[in-house]
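In what follows, chain A forms one complex with chain B and a second complex with chain C.
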Partner chain A sequence: MAEAPSHSEKLKSWDRMKVEGFSKKAPVTTPYPFTDIEKPPEFRGIPHINPEKCIGCGACVQACPPDALIMEWDKEHGVKRLTYNAARCIRCARCIEVCPTGAMEPTTRFEIATDNKEDLVEVVEHKLAYCEECGEYLDFTERQIEYVRNILPKEIFDAYALEDRIKLTQEEKMRRTVVKLRELESNVYPAFMLVEKGKEKKGGEE
Partner chain B sequence: MVGTKDLEAHFEFECKACEDGRCSKADVESILAERKGLKDFYEAFKEHIRECKRMTYGQYMFVIDREVLPEAVLWWHNHPKFKETHMSTAVGTDERPLNGHFAYMPFLNVQVEPFKMDENYWVFLKVYTPADDPSFPSVAAKLPAALWIEREVKDLLGFKPVGHPDPRRLILPEDFPDGVYPLRKDMDYRHSPITEPRTEYRETPEGTTLVPMGPVHAGVEEPAHFRLFVKGEKIVDVDYRGFYSHRGIEKTGEGRLTYNQVLFLAERICGICGYQHSVSYAMAVERLADVEIPDRARYIRTLLLELERIHNHLLWVGIAAHLVGYDTGFMHAWRIREPVMWLVERLTGNRKQYGMNIVGGVRRDLLDYRKEEVLKVVKEIREGTKKFLDIALNTNTFIKRAEGVGILPYKVAKAYSVLGPTARASGRKIDARLDQATKTAMAYHEVDFKVPVYKEGDVLARVLVRMDELFESLWIVEQLIDQMPDGDIFTPIGNLPEYQEALGFTEAHRGEVVHYVMTGEKNKVYRWKVRAPTYNNLPAVPEMLKGYHVADAPIIIASIDPCYSCTERVQFVDVETGKVKVLTEAEFNELSIKYKGVF
Partner chain C sequence: MGRLKSVWVYHVDAGSCNGCDIEVLDVLSPYYDIERLGVKVVPTPRHADVLFITGPLTRQTRIALKKAYEAMPPKPRIVVAIGTCASSGGIFYNSYALYNTSPQRGRDRLRSGGPEMIVPIDMYIPGCPPSPEEILYGVAQLLGIKEKKMKGEYWIALPPGEKSGKENEIEFTIPDRPIPVRYWLTLREELRRVVGYYDRDAVLNDFIELVGKAFESDDPRERLHDLVTGYFLKEKDSRVKVAMRFLENEFWRLVDEYREWGEALKRKYPVTAGV
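On to the complex of A and B.
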């Protein structure tokens, strides 16, 4: 199989005159919309979410100026929903820039007129991870955890004991921290924990 | 001599700027010595000056008493030595959450020496008014340049310019209730009240007939309503009602967006000079963050600004030809223009709305092999335009309709602070590219070009100014490509300081674009004010129309290259309340029958 040309090759070889076939008589006009027109490869069309790559991190939602991307949590069913609405999109491509996984894909599509509004919407649903301890859903998705596992070096995992804590709710994490601190006798305790410790000692004496 | 101590003594507002060491009250003397003229102003008004400080390079602020506002503005505007100084615009801010006052602040573009960016500077004259009495003496009574802006702050913030000659509603729609002020901080940006419509047109003067033009302009296809009062064929007087496409952009920018998101909104203010808006906004924020952007980014910005100018001048000359009935010229001008659109589409990713800017630099680099393409297009355009002008300027249809029509004398142009090619056709030596320090965001000081100025002040002069400028722009593009430095295209900005103010500005193809930004907490924008050049040029149009024939009106109006949508920035389109009512066909017919003969 012949190798596909690289992106910069494509950029170099694209030639409008060849693609659109202008004539001497009509040097800048084409019979569009009766013919198709092809946009150059640099063209910023509407973006498209690749559901296989998206991890549901929400970076794109933060960056999008006109709120064309929305993130919703449905903790009851354990899903996180990323919705893209082409009708609001101003094609600024900020989302493509900030996406950590390359799930936001640029396209050269620009004809989005439709008689059905739903054609303009793309939805990606993610499964939320749940706490190993209490079974409650977490704020982030399973894929986000997977992604963190992949990019963080092993040392950091070890140093912060992340492996044990990554799949816990915030409350559970805090609880465990307290328990751990209690275990370490020689620790300098913050004020709010001293009270607890005092109680504990009393209990022990009894 | 008033020293720092005395200034402190009668300074009564809590100024946040000094807390982080930016305010330079401590060395007033050295600040005043930085530029020519500051000291004189200080001497003349020292009883009334409460604070002076340097905002950023070449931008100075004086906080003055409101009683002397008109005198202070006129002192600068009519400065005997600084001939081209003008009042650029003003901003009204609701600073009640900060210090319990409203603030009104005219900006003066002080021109010590035309085209010397390191000598000229901006002066902000800030007046504070108490929250319960937001009034100030009107500048507009003596200076027409302030006419619109004072009506604007009256509409949007509820200020009272005392003695304003024409205090009708300017911006808000006819069906907006009185006493609701959208730009006050206590109004939510989604709120959109509505009442019975009420129009405030001027009475038709005695002995004249009313010829309404609009609400959609015949050639520019944009909403603006001119009411021409005519005697026979001759226009005697003109009334104007516009702002039909007011969109509430400033309020949205202040409400929920971060500073980088506002940038993309800024670019979409206008479909023609969008890139100029985006550069101006980016420049204001970069000034506030106090960063220097990489040279390559400055060059790429300048390149795109000039390409934008080239295609817009061609677009405009096409429309002008169309309006005088020379449609062949229209077609050819647009044919010549198209390759520029194709070029920018490949450089940036779109024909318009380039999306190239980000605060701190640009987003796409210029690939080296593209340079040849740019030069090729430049060559094509130069040849094409030369040929076109050769023919167009020898066509009687064109010349006869343009020569001696719509004359705007220098004095009137200056009084209205007319900008851009319209001003240069009337002999004003101004060009924001060189007049003010654009060097932090653009590269105009590193290329060589001339600024064409004509004295005639008629439509033909405006055509010629633009065409001369187009050739200069082509020359600038060639130099930029030749000198393009290597390096990064982006510098990170970091956090913005809180409650600081700065201006960003550049010359669009119709005049200077000004963006004023005041930062708020957490990298948000507290106040964002946009002034498109048409905002200053349009009020002068009635002056150009008077005395000419009705048939000349479309071309005279179009000769300033008006752009209504960017002038009017700011309509509350509210999707949620859905107050807009669509008439059914039956209802429409009923209404038409009822009002038959009334409209």
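On to the complex of A and C.
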């Protein structure tokens, strides 16, 4: 039974002599441009965006030092586009480090020279979530909201009633809070809200 | 393969940090030996067919580059941009010291910047610095030995639940793992303190496989300890060993912590009516 080699064994198994395919007697000049070779597994090639996993959160855009990754906003049409250009990329792998879904994948690709810069562009277009109360698009994509539903346990969603508010814009959330507080003015306060209010008054102007 | 023609090259430094210049020296060394392709570095642009440019084009080098380009013989006049800086301005693209006349200051989709502001460029070789093989590939492509492999990509990421109709529409999937996403994310962030980004995913994948096996038995805590010890004895890389031990401790700490948080939440809001 052949077991799959472990991670550290895979790293050690790369051999320049074998990959470049010349005899061990005279390893002077690489036959490279006339043959096909592979780089070692830890070589930092250009990263690649996996559109299956990408949620469009923009963590990589924040982390990218030379702005090889830029988010293009188009709120009128309800899309945002994550654009990556290998011509600006310095292979620092910060995007791979911060990606919360593992959508940024390291590759060992090195044959990227081109005569047209458009070949180096990679775009992922995301659809923004839509707030039906106020008829505007949110800053978040629908994939982001789905991912949050997967991260947080059910109890937290129930305790904070997040399911009702998750697809609202910031303004709509604030408006709802104000309406709710005004309703409470005329009502009897629940016990936990009385305690909160008392604390506020001590520190406040009264 | 047909007969190759020799190209004579003049190398211009347009304000580079010398990383790319050293890689250009590397491809001239006996190991990579670009001279067997007929490339020869000449001391004056008047003899050159090809201009190698490195660097992001500072204000000081702009006139020098323009003069070197105009001094070349008019017929082939091929320009090769070597390095990320020469391809697009690189990390310096919005610096005050650079000559960049692009209307969006280098933030458009093509990331314009660098020597392409004043001379037309025939071959971009990005990389910071590009490894000698990358430069060899670029020159080989100019000579017709190799073919272009890169292609621009445009994906449309579909929202969860929708089915794809076209080729570039991609459905959303969250990979199936034996532990919840919340644990996976936290462990991944904690693991960054122990091993780097590269080994992190491989080590974490091995660990969550073990966790999946451990939770099949009655006493997962004991079973996981046995499994990790078994892994520990087989693995030769000491960094991976340390990371596995760290992950085991961290995982049980997280399990306890999240259970406490859940209980605290229930104590605070006994009736879940919404706040």
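Operating definition for what follows: the second predicted complex is superposed on the first by the 169 of 206 C-alpha atoms of A that agree within 3 Å, B and C clash if a C-alpha of one lies under 4 Å from a C-alpha of the other, contacts with A are read in each partner's own complex, and residues count from 1 in each chain.
In the analysis below, a residue touches a chain if its C-beta (ideal position, glycine included) is under 8 Å from a C-beta of that chain, and two chains touch if they have at least 3 such contacts.
None of the values given here were measured: they were computed from a predicted structure.
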{"item": "Which of chain B and chain C A:Pro40 touches, first, second, both or neither", "value": "first"}
{"item": "Touching partner for A:Arg91 - first (chain B), second (chain C), both, neither", "value": "both"}
{"item": "Partner chain in contact with A:Met71 - chain B first, chain C second, else both or neither", "value": "neither"}
{"item": "Touched partner set for A:Arg16, first chain B, second chain C, both or neither", "value": "first"}
{"item": "First, second, both or neither for A:Pro51, with chain B first and chain C second", "value": "second"}
{"item": "Which superposed partner A:Ala161 touches (first chain B, second chain C, both, neither)", "value": "second"}
{"item": "Contacts of A:Leu181 with chain B and chain C, given as first, second, both or neither", "value": "neither"}
{"item": "Chain B versus chain C, judged by how many residues of chain A each one touches", "value": "C"}
{"item": "Chain C-contacting residues of chain A that also contact chain B", "value": "8, 28, 39, 42-43, 65-66, 90-91, 93, 97"}
{"item": "Residue numbers on chain B that touch chain A, as the complex places them", "value": "257, 260-262, 264-265, 268, 334-335, 338-339, 342, 345-350, 353, 355, 363, 367, 369"}
{"item": "Chain B-touching residues of chain A, taken from the complex the two chains share", "value": "8, 11-12, 16, 27-28, 39-40, 42-44, 63-66, 90-94, 97"}
{"item": "Residue ranges of chain A touching chain C (in the complex, touch as defined)", "value": "6-9, 28-30, 32-34, 37, 39, 42-43, 46, 49, 51-56, 65-68, 70, 72, 83, 85-91, 93, 96-97, 100-102, 106, 110-115, 117-127, 141-143, 146-147, 150-153, 155-156, 158-161, 164, 192"}
{"item": "Residues of chain C touching chain A in the complex", "value": "1, 30-33, 36-37, 84, 87-91, 93, 106-107, 109-111, 122-128, 131, 133-141, 145-146, 148-160, 170-175, 180-182, 185, 192, 197-199, 201-203, 206, 234-237, 240, 258, 262, 265-266, 268-269, 272-275"}
